Each structure stands twice: as structure tokens, then as C-alpha cells.
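Lettered A, B and C in written order, each chain numbered from 1.
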């Protein structure tokens, strides 16, 4: 392509906003002589209908193959300049307003010099631009739901109800998850059977739904819209011919037959072969229906799905490590989960009144165990306490707590509990003791009354918290899902709670955060809607994804390691290649490659390299330092634009290039900038925790620190490269830093490598 | 990281590949073979077997500052060949090969620029010449650029595979074997044609800068070019020529780096301790500064021998800009030379640079040693072609000429393979080779502990044998002292050579004592075995040439003069039945008329020869 | 000529099978220490000083030295690599600094 491009240069004076500061006429005249420039047009109002029409006409009339718009920030007038009748990757917006005329308005000469340099540099970029088209991929309108608890079941029903095919995979022999084990659930205190039974019957009726129990996911391949999931199904050993006559249960001496409850799904027992007595085949022999196959093997099948809903649920916190509560050591100390079973199966007689103590926040809100609030335990304890009062009004019930949290309408139950005589005490017992008899003694400091209480209870219920199930860890390995620090599925809790960090994968229920039954059901609905919405589109992959130059690549795998989205795989020749549907074009791989072998589609290493060549290092004369800054597109660039909008000034010594992430800046590019005489390189990225691409900023810092070290060894000033954390609102911080940096560089003196 | 080592021969995995063209050695000329073959026939299946990694392998690893042969304005292929002939004292050389090379030379050199290598141009836009046929480049990226071009044609590249022997069907070469230095596998490659392009042979002789601790490899030629290509041919019975024509050169003393950059590029002249201009005062009759290369190599050593050392090239006339330019040249070729000057605190504009003789190398891209080939670059073994430094008969190829040889070999190959089918292997041959290659790795296993060995050390160390380093140093000392190394001012006589032959024979009998503790040392074992085979032939050739034709390159104190009867090629071939090296004499054919010792322009021959 | 690996800087190319210096070394000398996960030169005597490892190291963790037998201690030669440029800084034993910058590849 080289110099043969035909560029139309459109300079906007912006009704004086630009023209008052920058000498547009002289720039236009000068630029018309540059190679690669075919037409130059000045306009006072380029974004007007007339202005746009002029560009469109020129493209057609003059056969322009590149357009350079020197006007406002590329984040302004996006719509106006979006459809010029030329591939958008062949259009370059040169920001001479927000980042030039507005900020250098007291230095018209400097602003004009900088603007000229900007035109030169971005013309060089255009010389190596290519037209790019986004890649569109159809989406398979099938969902896979992993985990058949209350959330998974509801997500399945909601999605299938909207005519979408759904595969529901559950690890256990029966659906229903933790809810099926409950005695009842609040606020209406209905037994789980009532809701679940209805759901199960719907599951059975809907032909769009395929349920696989005793199944776990194996490998997950493919990409959003087109996943392929290997499912491993353990044998049930009993098939549909079972009539639930119960004879197998009777003959089994090892409790190996897992029998369904009244409302289980599927309504077929399973045999836990590991428990079987060796060589015993009694159940098979006695089964009148011939439904038992003790030699059934594990099965593998593949499921193709466009989207995945994760609903792997939760596990109760095991309080054994909290020694002072004596769980497993003391009699009559139960967890709240155990108490559900006790109350459901009436395992304890309450004919004699009992004194029961609930201890709240067991494990939860404790830095050593679960640093978060488990959300449901207060309500669970109130529910269970009310049950105790219900079975015997004489039962004495204490709830020891840090705070009672009953948001919204749940307050009603709390009031009811208080009225029914349940005693709430703010304070957590120190140590439970048991001497000979079955009673439990403890003392507690009532922080409200300010006194110590000594209590003897018949029974203690530990309100244990919810922790993510082990399934989450498996998901992290198999699907590459990110987990937060507590191992719940990572999401943008506030705005996109149902989206995971991987496109096409959603989460529902307690695998994302502790939640109660009704919120789980609600989140399942949202996840289903998200999946359905995802199905309506096509996967459109932005055309600027990175490409690996396999002629240069030595397969060091640094890109594979550093890709924030684990998007890299190895092609059939063994070279790393981004799976573009996982890729977000952040360019961290481009920044990582030691051989400069990775380029983004719309910003290649070659382009950057040649832009640096085209940058006249003496555009402000021989004595002024030049700062080349790479600005993160998400925050820093916009913050710098803000400086313009707010009218904050900074010196024209700063020359900026926008990059998708500070992590996209390759060390070789920084090295080249320094080698060719740039006095200071400033990379502006988000603060670590705000980085839009997980660890882009962090990598950028490390790389710059390495270059800084090298500069020191080279007897150059390590200050010549710098990373600066810039958030969206840091316009002032940025301009101050630029001024300080320019001063510092003036003090250090000219880069000795400047020719 | 290496894989777990095999514990016995049965654990060695085999890789079998069938290909049209096997190129052994992915350096400059090997890459050019691949590029040319693929350009001319995109369907051809090409496999490159490379001991290192083709991005930076071979003698060009650290880059290059000049292309030493390019036919610029006012020159012709014939003037290049006449000059080349004069540089080797009038030959003998294969003028047919030299002329065919010169005719494709420029296009090969110009390709490099097109691919991205910066060439320095003069004010008129022509390549900047630093000598008559020398042009300057900024070749720091020369090898990576050639490698990228090669990869763009998608050949099968086997990096880190060391070639061990050819596979043969009768006399015909039908492929080769190798072992993976990283993966420990045994590679068996079946090929319609094979090109050997492994470079020359360094490390046969001890370098004057060689110390056992940290400067063993302080030498001019790439020390990892051990001469495997020659040794494979020697073992397979190919005919070799002029193996006595050793490349010895005046090099920067204590660094053993190139000196032409300074002497040719900056017209710096050679002086002795008395300040006398050595070439002008003692070698005026041989051309002074333009005296043949061997004279220029020998001169400083003769000065030392006569007690007039140290010797220098006088750089004191250089301007600061020239010194900077000079260093820039070195940074492109041997960057550590600049570090060396810094480590001596030396400014060439103030202090002249000391020079000394290098250790002798067998490098057929510089002198004319190597395989005896026909005009298509096929060796005397059908199916086997030689390129670059492996191909003999034609000196002064250097980077451009070696690239051109690659192109010519590829053309020869394409013609040859059109009528050839892949033959069946002799499995017995393969098994024996596998045993030969890998057995050093197993020698130390299963032995009783003989020595007190620290806990945790590889049990292979228990073997009471010889390390490759020990044998290498023994060989280098022997060659230096008895076969005309720099320690003996390049001089030798019949008695010394007989002694060398005897002791090489003794070492060859002990190669089964060599042992390896890992795949890297296994490579070193084969390096030294290959060097032994090459050394033996070199010494046989030195003995056979009972005259002194190229003092320095080949000096016989017992035959100090030129013998007109030996104005011929001395060739050799290993008798495949007896295992003896047989010496052969082949006549020299002069094609370009005129005085062979003169470099003046002869009348172009171009048209009628084509 | 021995290359020295600065341990604090080397990241073993993130602990993959072969760091770049190991891949590129023509003498098969650079390799990864399985325990520390960092690169080292397995045989200092065998290095040919081509500096390929020094140039390719993404962390700038490899320094090239002249063996003391041949040159005195303290000189440095540091390459800084751009996509098509190289800048060398040479510091001699007296502390004199020299710099060289040039293009290593033609503009496309």
C-alpha cells in the first residue's frame, strides 16, 4: 500500500473553537503537498449535513480510499461520522479540539505545530490501515443449565417456556438441590414440595427440556453462541421400568438404594454402587420389573449449546473449625440445615418444653471464614424459632446475634417472632460447655443491656452461612469462569449481575452470591431473559481482534499467559491464536509479545512504529521536551478529553496516541520512542482494580518498570518512561502530571538519542 | 526444559518423515535452498533439519555488517571470479562453479534488501561499497529476516534436531537421521533429494584465546558449526576437495573477531612493533594491501615468529565519526567486539588494534574446501547436494555467494527429483545408527559406583569414560601442535602430520568411551566425533600436499616452495569397504584466460558460455 | 563469552517449557532451572557471544560479559530493541558512555 493511498483531509474550524487557536489555513496549504493526501477541505461545521455530504461526495468523485477528519474527539459526533460510505477502519479522527485547541489556547503557535504533527503521524497510521469487517457468527438457540437446584430449574422452565431448547444437568440423582431438603421456606412457610412438585410436572411436560441427572460437565469447547460441552453421566442402575415397589430397598443391607421422596424428579431410585456388598445382586434378582442393571457403565455425550446458565448453588459452612461452639463434639448442637431435617422429620419430640438457643453468623461476617453476610441465616433462624413456638408454645427460644437483618417485608416475620416471645439478644456466646448431662451451658455478654448472662439450653442451633459449592471451582477450570475472592462467580454485581465475565455464560442463584429461595427464583428468571436476549442476536466480533504473525512468533506463550480472557489457543501448527469470540481486543497480547509479533487489526505494531518515525521530535523546537503518551481508551483518553471540555490547560509538549488498554503498549514501541528521541513516554491506564481488562494496567506497569531499569543501565534517566493511573474523572490529575512531567524533563535535559 | 531422558534404546521414540527435499542446516544457504525450491515448485514438500533455531542459527546468528561479494558498477561475473582466483593465489579453484555462482549472485543479494535488510547506499543511491566487491549493510536482523521469509513458504522446520548420518541405498543418499536435542527422539527422514548445508567446521584447532573456563569459544567462526556436514559425507564415502586449504586469518588479537571491517572498510594498514607497514614493506611483490588473503593472514604471524611482534592494524588515522561508524559495523556482526574495546578502555583512534592469527577453520564458503560437486551442486553421491560452506571447489563465496549456492543447489534438486521415487530404507542401517547415536547416553547407567559422587547427581556421571569436552580439548591441542595451528605459526611437516594421524586414530578408537549425561552433552559427544572425522581428512590432505602453496593456510616447513606438479585439486574419499581415506588428484581447468594470480579485469566470457 | 542472567529480572518467560533465550541460543546453552524457574547458561565457556539471548530477552535480564582473561571488569554493552530499530549503549571501564541507534529493518 505504502504511499499510494488517496486521503481526503477534512479540517474543521468548529466555528472558531479550533480555528481561533490553530492556524487551519496554513495547515491545509501545507498538507495539500504531502504524499498520500489527495484532497484537503476546510469547514467551519464539518459535522453538519453539508459537511458530511461533502466528505461523501469527495470519496465518490475523487476515489478517496482514506479519510482523515481533524476535528473534535473521536468520542464526539460518533453517529455523524459513522456512515461516510467508506469502511470505518479507513477513517481516522484526529482530535485537534479537545486535545489541542482547547487545551493549548494560549499557545497558538505550539498548538498549530502540534496539530501539524498530529496530522503527519495519523496520516502515517492511515497508510497502513486496512478495511476490516466484523465477523458474524450465528448463535445456537439452545441453552445448557448446569445445576438442578431451585435456580437451575426455574431458569430451565423460563427459557424453555419461551420456546428454547434447554438441557439441564444435575450432579445428584435427583433435582431440587438444597431446597428439596428444607422443611419449609419463608416467608409463606410452604413446604418445598408444593412449589417443586409443580415445577417438576412442568419439566416433565415440556418437550424442549432434557434433564440429565447424575451428570457432570467434562470439557467445554467452542465459543459463545456455539459451545460444545461433554457430559459425563454416572450409571443410575435402575431404569424407567421401575414401579417403585420398594423391594430393592428392603433387600439391600448396605443402604445403597437411594430412594426418591414423594415428589422427586426423576421418580426413579438410584443405586450407589460403591456402597454395595461385593458380589451382591439381591436387588436385581428380586426386582419384578427387571429395571435393575448393576453393570451399567458411565456414559459420555456431547451437548451443543449457544448459551450456558450456571446455577451450581451453595454448600453450608461447616462449623467444626470454630472450636468454641463444639459442633460434632457436644450433643444437641446442630446446624440450621440439620434442624431443617429434624423439624421436617419430627425427629425430636417437643412434648416437653425445651430451651433452644440460636447462634447467628456462624462462619459469616468473619474474616477467618466467610467475610460476607450469608443473607438468609437471620430469616432461617426466625423461621425455625417460630416453628419451635408453634409446636409447643412453652418452648423457650433465644436468638443470639450481631444484628438481625430482615429487609423489606421480612420485617413482618421479625415482628411476629418478637410478639411470639422469642428472645433476641445482641451478643454471641463465647464458649459452649456440656457437663455430663445433655444440657449446654454458656455465657454471653448482652451488649445492649450491658450485662453478662449465664444460660443453660437444651439445644443449640448454629446458624451457619452459605459458601459457594465446589462446583464453582470446577467451573473455573473447565469454562474459565472468573470467581471473586470468595469463590462466588464474578460478575458486575451492580449493573450486570447475571453476566459472567465470559460472553454467553450467565449465572443464577447462590453460585453468584448468597440468596434466599425467592431471590434465587428471580435471578433465574433474569438469567433466562439474558440468555434469550443473547439468542436473538448474532455473535458479532469486532474486526479489530489481534493477529499473530507466525513468521515472527517463537511460541514463548507469553500472550497465552497474559491474555486476561484466556482467549488464546494453539492452532494446528502449534502457534498461539486468539479465539476471537472470547477476545475483547484489549491488545494485552500485543503489549506482551517479546517479538512484536502480535498486532491489533486497527492498530498494528508496524503502524505504531511508523507513527513514531513520523513524529517530528522537534516540533516544538530543539529545546522543548516531547512527551509521547499512550492513553487507555476507556478512561484516560476520556479524562484527557475532559480536560479540554473543562478548559484546563496543559503544555503542547504532550502528544497522545489512544490505545485500547495501557496493557497494549509493547515494550519495543516504548523502546523505539526513546531510541528515536522522544524525551518522555507516559502511559496512562486505569488504577489496577479498575482496569477493564483485568490486569492490563498491572502488566503495563511491570513492563515500564523493566524499561526504566534498562534506561538506568543505559545511563539514561529512568524517569523517561512513566506509568500514571488515570480514572475517568482524573482530568485535573492528568494535566497536573503532564505539567510536572514536562518540567521534570526540562530539568533532566534533552534525550541524548534525539538526532 | 528437556523431557525425561530415555533409559535404554527401546525407550527412544522414533519420528519418521517422508519428504521430497531434506535440507540439513537452516542457516543462510539452507534457507535459500528452501525458498528457491518452494518458489519454483510450490508443491514440493520441504523439510529443514536445524541443529539450533532457524531464527538465529548458523554463522549469521549475531548479524552481518557487509555482503562481501556483490558485482557493482564496472564489474562483471568474470572480474569477480578473476579477483577471487587471485585471492587464492591463482587457485586451483572450480571456475565453472564460481562463474555460475557469480551469474546469480546479485539477484540473491538484492532479495535480502527487498525482504527488509537495510543496505547502506551512497549519495547516488547505489549500494555503498567498502571494497571492490564489498557492500555495507545493517545486518543485525539479517538471519531473522531470512528465517521469516523461509517460514512464509511453510516448509517443515525441525528445530533442535542434530543430523547424524545419511541414509543410503547403495551409493545413493535417500535421506538422513538425526536426534532431537530437546525431545530426545530419533528422526528418520526419507527424502528424494538431500541438501547438506551445515556450514563449515570450527573448533578443530585450539584458538589462541581458548581458555577452559569462560572463553573456550572466543573464536571467529561459529563454534557450533562443527563440521557435521563434512563428517557425514566423509563417513558416507563422498569425495572431498582441498580440505588442506584451511581458512586462517588475521583477527583482532584476544578477541579473534573479524578484521576486514577495519582493514578493508577503513583502509587501516598492518604494522609491526617497529611501526613498519608489513604488507607494503615485505609483501609488495605479492600486491601489498591487495595481497592474497592467505598472505594477509600469515604476515602478522611471521612478524611474531621473527620477533617483530606485536602486530597491529593502524587505526590511528580514523576520525571520531569513523570510529563510531566502525563500531556500528561491529555491532551488526560481532557486537561484543565493541564491548571488548570497552573492556580494554581502548580508543582505536588513539591506540592501534592488535592483530594475531586465528585458529584454522575448514570453511568452504571462504576457502575452497568441501564436497566435490558437479555444476548442479550434486556431490559424488547421487541424491546428495551441497550448498554454502559445505560445497567445495569455490572460495570467497561469503554471505552472498552462499545464498547463491543455495539457489543453485535448489535448482539442481528440482531437476533431479522429477524422476525419482522414495526408496525403501534398510532397517538394519537405521537400527545401527540409532544405537551409535544414543549409546553414549546409556553408558553410565546400571554401573557400579566407582567414584564418590555427590548425592543427587545423575548416575550417568559414574561412567569411567571420557567427557566430550576432554576429547575436544585433546583434539584441539593435537591439531594446534601437530597440524599447523596458530600456536605453530600455521606450520607443519610430514613427521608432525604423521603424529597427528596416529593420535587421531587413537582417539577414534576411544569414541566408545564418550558418555553423555543429558541430551546437550549427547550433542557435544557427536560434535567431537564429527570433528575427529573432519580432522583426520584435513591432516591427510595437509600431508598429501607436499609443497607450500598458500603460506599460512597451508605451510609445509619440509616443502617450503610451490610444486608445479601439484597445481591440481587434492581430493579424498573414504573407501566404504576398507574404511581407508583414499587420496585422489584431479586436474585444474582454467576457464577465464589470463594470469591466474592477477585480479585485473579479463574479457567477459558471458555470452558463449551460457 | 558468558551471558549472565539477572535473577530478579528473569521471569523464566512465565515458566513455560522453553524461555526465549533457550529457544534462540545457537549453542543450546541457555536453559531453565527447574527449581527456580529462571534461565541460566549451562556452560559459560561454550558461549559464542552472539548476544541473541540478550537481544530477545523481554525482561532485559541478560547481560553479556567479556571473559576476564581477555578484557577487564566493568564494561557493559546493552541493546534496546524496537520493532525495527536497535539502540546500543556501551560503557567502557572508565565509565565512558557511547550510544548507537539505527534501523534494523527497512520500512515496509
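Everything that follows uses one rule, which is that a contact is a pair of C-beta atoms (placed from the backbone, for glycine too) under 8 Å apart; a residue touches a chain by one contact, two chains touch by 3 or more.
Treat the numbers as computed from the prediction; the structure is a model and nothing was measured.
*Asks:* Nearest chain to the global Cα centroid?
*Replies:* It is chain C that sits nearest the middle.
*Asks:* Just list the two chains that share the greatest number of C-beta contact pairs.
*Replies:* Top-ranked chain pair by contact count is B-C.
*Asks:* When the centre of a chain is set as the mean of its C-alpha atoms, what distance in Å lies between chain A and chain B?
*Replies:* The mean C-alpha positions of chain A and chain B differ by 58 Å.
*Asks:* Averaging only over C-alpha atoms, locate the centres of chain A and chain C and give their separation in whole Å.
*Replies:* About 39 Å separates the centre of chain A from that of chain C.
*Asks:* So, what's the distance in Å between the C-alpha centres of chain C and chain B?
*Replies:* Averaging C-alpha atoms per chain gives centres 25 Å apart.
*Asks:* Two-or-more-chain contact residues of chain C, please, as numbers and ranges.
*Replies:* Correct list: 18, 23-24, 76, 86, 91, 108.
*Asks:* Which chain B residues reach two or more other chains?
*Replies:* 53, 55
*Asks:* Among the residues of chain A, which ones contact at least 2 other chains?
*Replies:* 554
*Asks:* Please output the residues of chain B touching chain A within their complex, sorted ascending.
*Replies:* Touching chain A from chain B are residues 53, 55, 144, 147-148, 151-152.
*Asks:* Given the complex with chain C, which residues does chain A contribute to the contact?
*Replies:* Against chain C, chain A makes touches at 2, 128, 554-558, 561-562, 594-596, 605-606, 608-610, 613, 666-669, 671-672, 674-676, 706-707, 709-710, 713-716, 752-753.
*Asks:* Within their complex, state which residues of chain C touch chain B.
*Replies:* Result: residues 1-2, 17-18, 23-28, 31-32, 34, 42, 44-52, 64-77, 79, 86, 88, 90-94, 96, 98, 100, 102-106, 108 of chain C touch chain B.
*Asks:* Contact residues on chain C for chain A in the complex?
*Replies:* Chain C residues touching chain A: 9, 13-14, 16, 18-20, 23-24, 56-60, 76, 78, 80-87, 89, 91, 97, 99, 101, 107-108.
*Asks:* Going by the contact rule set out above, which residues of chain A touch chain B in the complex?
*Replies:* 550-552, 554
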